[in-house]
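Below are structures written as structure tokens.
Common to both upcoming complexes is chain A, partnered first by chain B, then by chain C.
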Partner chain A sequence: MKKVLGVALGILTAIGGFVDIGDLVTNAVVGSRFGLSLVWVVALGVVGICLFASMAGRVAAVSGRATFEIIRERLGPKAAGANLVASFAINLLTLTAEIGGIALALHLVSSVEPRLWIPVAALAVWLVLWRVKFQVMENVAGLMGLLLVGFGVALFLLGPDWGELMRQAVPPSPPSTEHPAAYWYYAVALFGAAMTPYEVFFFSSGAVEERWTAKDLTMNRANVLIGFPLGGLLSVAIAACAAVVLLPAGIEVSSLSQIVLPVAQAGGVLLLALVIIGIVAATFGAALETALSSGYSLAQYLGWSWGKFRRPARAARFHVTMVVAILLGVGILMTSVDPIAVTEMSVVFSAVALPLTYVPILVVANDPQYMGCHVNGRVVNALGTVYLVIVVVAAVAAIPLMIATGAGS
Partner chain B sequence: MTHERIVDARLHLLSRQVLDADGEPVRAVDDLELVGPDGQPARAGAEVRVGAILVGPVLFVRLFGGAVPVSRQPRIAWEDVGHVGTAIELTVPSDRLDADWVEHWLRDHVVGRIPGGRHDPEADG
Partner chain C sequence: MRVTRWRWVARGAVAATVLAGTASCTVASHQEPGQASAAVADALSQAGSAAETTRIVVAQLSRGRLTGPMADTALLDQLRVLDDAETALTTLVPPDTTSSDQRAAGLAAVGDVTDVVVSTREWDAARAGGDLGGAAAVPPSADALLADLEKATGAVDRALALAGGP
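Up next, the complex of A and B:
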């Protein structure tokens, strides 16, 4: 029974963890501009994150080594250092966006200026990191994040023309009003949002935090194979809501209130309230995950002791890193930069950093010294190699597309 | 009978995680100090062995060049190493290692002083 509960809660975690402010914003923007013509990218991203998160989880469970220790060990201090700088910067941008996202969501319900909510949100994030047990933290955020199912409910209540939605999705047919370069720019952004490296840093370190061993591999697989696809479905529901309501009206998403507009139109105040709680929980969960990931990546690169399962005093540098990251995030937000814009930047840059994270995972998952009999099978290796090619293409294309399209405008 | 195995310094030692006697992470191996068989500085053409694991500032030397004065170079003596696996396991607790002084300083002066800093998160819900 305990095992079933463990799997169930793990799945919820994955859903809550997958849909963060980056996915919310990018999916809504894409839905409002391109309809469902980019759904294939979400599917591609979900398969990719399933593949590499389960690999990273398996490596952590069998060898006890989390992802960034492996990156350092395989790439050496220089290449891993470059990856650390890039990942840490993206992590910081994402953390900034998530804290901003919490503040924006709270602003929607309270109409108190978001800048007043930012310190409150940041303090709450730190208190949870400081005091709350890892499992409790994961499960509460994951469970409440499930309220985002409200987007799916809203889609059904809107009663859209399903045939038309299908026609947009297969075969993908971008609206003729949009430039192809913008289409591909958003394809890369969506892919980056789905496969953000912090998800594997968090997932693999979480496996160490929960003291997984080779016995927990089934749980690892179940978490990944059910959680991430469900998260993907939520993403599609968000995009579909935007495609049904915002696309015909010609509204381009630039604020959180526009993202939830279809929900308010379909389900009224009650559904809106539930969805906003879901957004607060999902962004709060993601803020925790990105703050932890900034500590995980730096601590694992330098070999410091890390983890929430230790007393804070036994992982002093790890906790100091997280406090500094949160303070930097608050500092960035206090310049009154738009969190939505920060989010859009961070997902594109995460596409650039993907290869440096995913190559070492694939290499170590094939190393019998680490993995014993649990090395990758042929199918996983074949898929992994295909994905490496996709990841490299996306990474190379990201910056030129960003410049060519003026960040998609 | 002891099993002999070949350890490739670059592959199996450098950048590996170092764990103390309790399994707590200490540092990653940033560099290795090679000494002659008699403990004297290594000489070209002569036999050498690993004298110590170097951590800390030497990492920046490897990344950017330069040099660290020997007296400022945190090291973990090779005699303290118990086992070389996917991590390098020491036979001493980290509290006895000078190489970990930053962690100890932050623990005693910053993190340990914040309320709840010594609270065990696994102890309650």
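Up next, the complex of A and C:
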């Protein structure tokens, strides 16, 4: 019974923890411009993140070591160093976007300038990282993030023309009012939002934090294969709400306040309040995960003592790294840069950095020296290879598409 | 010897890239008419989006489905969008009289929408019991605001049609 409850809790936190500010903004922007014609990218991204997160979790559970330790050992310090620089930069950009997301959500309920909320949000993130246990932190943020189900409820209350939504989704093609390059730019952004690199670092390091062993592989699979697809449905609900309310009105999403308007229209103040709590929880949880991922990647590469299972004094450099990352994020946001613009950049650059994260995991998951009898099977390897091609194509296309479309404008 | 030549080629390529990049960042002194019309249409579609967002905010606020602070935040966000649209139009250098007329119509339409969004914020503040409660300039009802928005949206649509937009 205890095991079943553990699996259920893992699945629920995986659902609630799936959506972050990148998913929220990108899905709403896409829904308001392209309807559901890009829903196939969400499905593609969900399968991809399931594949790579389960591989990363398996590597951590079987070897007892986290991703970056093995990447450095397996690929050597130079290749791993390049990987570290790119991953850390993307992590920092994502952390900045998440802290900005918390501030925007608080701005929405209070009408107080977001720049006043940014230091408050950053301080809260640091305090939780410093004081709260890993499991409590992960479960509370994940479970509260489940309130984003409100977008799904809103979609049903809006009573959309389901046939029209299906026609938008199948067969997928850009609307006649949009340029195909913009369509593909947002396809890459949506893919980057679903497969952000920090999720894999956090997942594999979290497995070490929670002392997973090969016996926990079933729970790992259940969390990933059930939790992430259900989380992906939340992403689709966000896009569908925008497609039903904002697209027909010709509204171009540029702020968080527009993203929640369909929820207000459908369910009024109560549903809106629940969804905003969900947004704060989801962005807060993602801020914790990205800050931890910054500490994990640097500490694991440099061989420092790391982990929340150790007291901060026993992993001082790991904690200092997280503090520095948070301060850098705050510094970027204090320049008055638009957090929504930072979010849009972060998902595109996540797509650029994807191969650096996924190639080493695929290599290590096939290495019997680390994995013993738990190396990838044929099906997983075939899927992994297909995804490797997709990931590389997305990474190569991201920046040219960004330049050609003026970042999708 | 070959290494030196390659080094010079590489330096030349870097210099040419920097030069091209810098040149593309300079302020345009001349635009093609089509480019100017597209820029006007772009700014107007932002203004149209702001007007539609304001319409939803007014409708939901009057039905009690949105709180005052949330509505205020949404309206402030739209004022920023309108500010960007106005900046895009005021910094445009029209290449001919047609583009100049399109810009003038665009600026007037963006101004109309901005006026209604400002009035909506006043109405929101008055509803919340602010000092504006008795002010004559505050629109009396949501219906009056929606009618003003309808007029402003019409102006945006006409300006958009003039600029060759959808």
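Basically, the second predicted complex is superposed on the first by the 409 of 409 C-alpha atoms of A that agree within 3 Å, B and C clash if a C-alpha of one lies under 4 Å from a C-alpha of the other, contacts with A are read in each partner's own complex, and residues count from 1 in each chain.
We adopt the following convention: a residue touches a chain if its C-beta (ideal position, glycine included) is under 8 Å from a C-beta of that chain, and two chains touch if they have at least 3 such contacts.
Not measured: the values here are computed from a predicted model.
Superposition of the two structures on chain A shows chain C fitting alongside chain B with no clash. Judged by the touch definition given at the top, the superposed model places A:Trp130 against chain B, while chain C stays out of reach.
Once the two complexes are overlaid on the shared chain, A:Pro77 sits against chain B while remaining clear of chain C.
By the touch criterion defined above, A:Ser336 reaches neither chain B nor chain C.
Once the two structures are overlaid on chain A, chain A sits at the apex of an angle of 130° toward chain B and chain C, using CA centres and rounding to a multiple of 10. For chain A, the partner with contacts to more residues, out of chain B and chain C, is B. Minimum Cα separation between chain B and chain C in the superposed model: 19 Å. Chain C meets chain A in the complex at residues 42, 45-46, 48-49, 52-53, 55-57, 59-60, 63-70, 72-74, 76-77, 80-81, 166. Chain A makes touch with chain C in their complex at residues 107-111, 177, 245, 249-252, 254-255, 257-258, 260-261, 264-265, 267-269, 272, 409. Against chain B, in their complex, chain A makes its touches with residues 63-65, 69, 72-73, 76-78, 80-81, 130-134, 136, 299, 301-306, 308-314, 316-317, 319-320, 369-370. Touching chain A in their complex are the following residues of chain B: 14-18, 24-30, 55, 59, 62-63, 86-87, 94, 102-103, 106-107, 110-112, 114, 116-122, 124-125.
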